[in-house]
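We call the chains A, B and C, going by the order they appear; numbering starts again at 1 in every chain.
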Amino acid sequence: MSGPVIELQSVARRFGGIQAVRDVSLKLEEGEVVGMIGPNGAGKTTLVNCITGVHPATSGKVLFEGRDVTRQRPFEAARSGLCRTFQVVQPFPEMTVLQNVAAGALFGQKISRLSQAYDAAHEHLEFVGIDQFADMPASNLTLANRKRLELAKSLAMKPRVLMLDEVNAGLNSAEINGALDLIKKISDQGISIIVIEHLMKVIMTLSQRILVLHHGELIAQGDPRQVVNDPKVVEAYLGEKFAKRIMGNDHV
Amino acid sequence: MSEPLLEISGLTSGYGDVQVLWGIDIVVNAGEIACLVGSNGAGKTTLMRTISGICETTSGKVIFDGNDITGAPANKVLGAGIAHVPEGRRLFRGLSVRDNLMLGAYMRDDKSGVKEDLERVFDLFPILRERHNQDATTMSGGQQQMCAIARGIMSRPRLLMIDELSLGLAPNLVEDLAESLVEINRQGTTIIVVEQDVMTAFELAEHAFVVETGKIMKSGRTSELSDDPIIREAYLGM
Amino acid sequence: MSRYAVILFALWVVVLAATPFFAENYVVRAAIVIAMYSTMALSWNVIGGFAGYPSLATAAFVGLGSYVGAVSQVNGVPMVLAWALATLVVALVSLAIGALLLRLKGHYFAIGSIVLVELFRLIASSWSSVTGGGNGLNVPLLRWEPDDVGLFILMVMLALMILAFAMNVVVKNTRLGFGLQCIRQNEDAADMVGVNTTKYKVAGFMLSTILCGTVGAVYASWVGYIDPSESFQILLTLKVAVMALLGGAGTLLGPVVGAATFVILEEVVWVNFLSWNRAILGVLIVFLIFFLPNGILRTGAFSFLRSDGASGSKRA
């Protein structure tokens, strides 16, 4: 397949008087892992919402595999393989962990039989490492495990593009290593990934390219090492102390 | 010399049939900044909730400022001077930033003091002053975190407990927040933080408690613990 | 497990079906009423219980079914065919209206659905050339022995009740039911996981009205006379919702238990405390809210009946 799997052309989104995203153009190539960083309120989640139809772009175009999907509805995005996790986790509160993931298999992947969906759900739960909690109510999981659940649910939808919105928050530095392996394995399956994180360890380890969003605009993009040295990025996002920490050692 | 402000001994608690804390012993001195670190599921959040009265204490003792507050309901704990900033912020939806902050001061009756603290909090977090009329839950994650911490401060606590300080926050913001906490501490508030970024936690806090499987595995001055090879491997990922 | 529910339901149907053979006429009548309300409550369960959209439109479609059935019969259509026609018309109308109504959520949806009842009543009373307006409509009576009529109508209503139960079982165990439950628990998340929420809600709404239309048509044939205020009663629509909630919305047997409990209670109260009747209904609703907010079948004693296996409070 030639051409980028996702392309944004001058995408902008406003909410009433607030311009959350202004004139963002970017490409995601197939199989890439791209990191997206930026201060809170920069528009990262809004951008993902534009791509998945939750808050359609007020101007500009979103292309998925060459098709114009700017006006698609969220469920259409989900079914065509544009999947995302949520910063604020949204499980189905009265369902078990297994049922939550089965929902992804049933509707994202369009499996028609419940039993098949449950089997698929078990597989994905095993992959992310929480299959032992399958029959537990989803609302009883710890924060970090709820994020795992989000991940399993998205994988159950058989995504072509996966947008991970702070899926590692809540893990300590050592636990993150396990998460990194997981994401690498997902990438190895050919899924194109956008990782939104504040955990620079994740960003630096995984990203082939980094995009930096600030006040709704792309202020930098490119090679990770270059981007974290960019003074604009240091000022807007990293802070001097942190920038030193990243460049100083690899144990961010 | 520092007096113990919070003394916990043999604390056990959990959720229904599941015990999470298996005998916690902690002493936090007045004027300190202490941090709780540990694996996912170790019991740090449960510990905070047990202290603040959200979770039921099954046994043990919690002594705050000389008073036994073991098992006290949440409003009494707040009244005694402990403010808990929970994991996930839990701001009040539909209410403005200002209203959320004012609710933090709900139990106070010194109007001028409350006004003073509101100004103080706006100085610490200028974005909150800018957005004071906005629905608090429509702000970005980091801004909400600031609002939640500010809300905690509004009760003018002697002890401020923050669960997951840096969760979802940009690195430079974490830096700023840490500086704000140092300032708050300097003004007299004792602070306990749960923080997954152990490096940030150790820079901020003087004292650290390592929580694993519901018990305190290790504790000590952060300057010493950061040289401990076991800590370095398990938590600093080195 | 659902098996218990099916077995208990079957037993209950047998009990009701046997009433003409061992009990007095008023008991048979009560059995018919129980079967009717059970059908309506089970139908409501699809949109109100599974999908969480509290519809108060039941009376609109029962009344519509009554009128289509009655008008057809008056114009010479054979009785059973008239019932079928009523069912079809109700299905089409609810499809059309559902597409509009289900854009509303929560309280707005409830209010919109109640407006429907009034709207249909007004149409029925104004369109006198067809409906007889305020004078009502006389439906050709069944010219059999009263006991035979009673038996026949009971069997028909029981058949509808069985259909409504079957519909619940099928919906609950298929993708449609799963999707509706996702919608109830978190509609945005359902959307983002790939559920076409509009399509599912409209389907649920349609299913919740179809058998109500049939009940209306059968009722018209049984009673022989309908008029707008009788056929489009807000009280009916409220009772149906209360019954489902009383028994346990979203469960299979809940609406059945709720309907039976309510009707029996009403019979007892009506007979013994006539002037307190409405007050007792009010007290019941308040009791429900305070002590059984999730319905009778969701209390601990009945956990063996529930097939949603989420048990235990382990935190991990």
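Following the convention adopted for this analysis, contacts are C-beta pairs under 8 Å (C-beta built on N, C-alpha and C of every residue); 3 or more make two chains touch, one makes a residue touch a chain.
Every value quoted in this text rests on a predicted model; they were computed, and no experiment measured them.
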Chain with minimal offset from the mean of all protein Cα atoms: A
Label of the chain whose CA centroid is most distant from the centroid of chain A: C
CA centroid of chain A to CA centroid of chain B, Å: 29
Centre-of-Cα separation between chain C and chain A, whole angstrom: 44
Chain B-chain C separation of Cα centroids, rounded to whole Å: 52
Per-residue overlap in chain A, given as positions that touch at least 2 other chains: 140, 142, 145
Residues within chain B bordering two or more other chains: 15, 41
Numbers and ranges of chain C residues touching at least 2 other chains: 312-316
Residues on chain A engaged by chain C in the complex (per definition of touch): 52, 54, 73-75, 78-79, 84, 90-96, 99, 102-104, 106-108, 110, 112, 114, 130, 132-133, 135-137, 140-142, 145, 153, 157
Complex contacts: residues of chain A adjacent to chain B: 37-42, 87-88, 140, 142-145, 166, 169-177, 198-201, 236-239, 241-242, 245, 251
Contact set on chain C toward chain A in their complex: 173-175, 178-179, 181-182, 185-186, 188-197, 308-316
Contact footprint of chain A on chain B as seen in their complex: 15, 37-41, 45, 87-88, 139-143, 164, 166-176, 196-199, 233-238
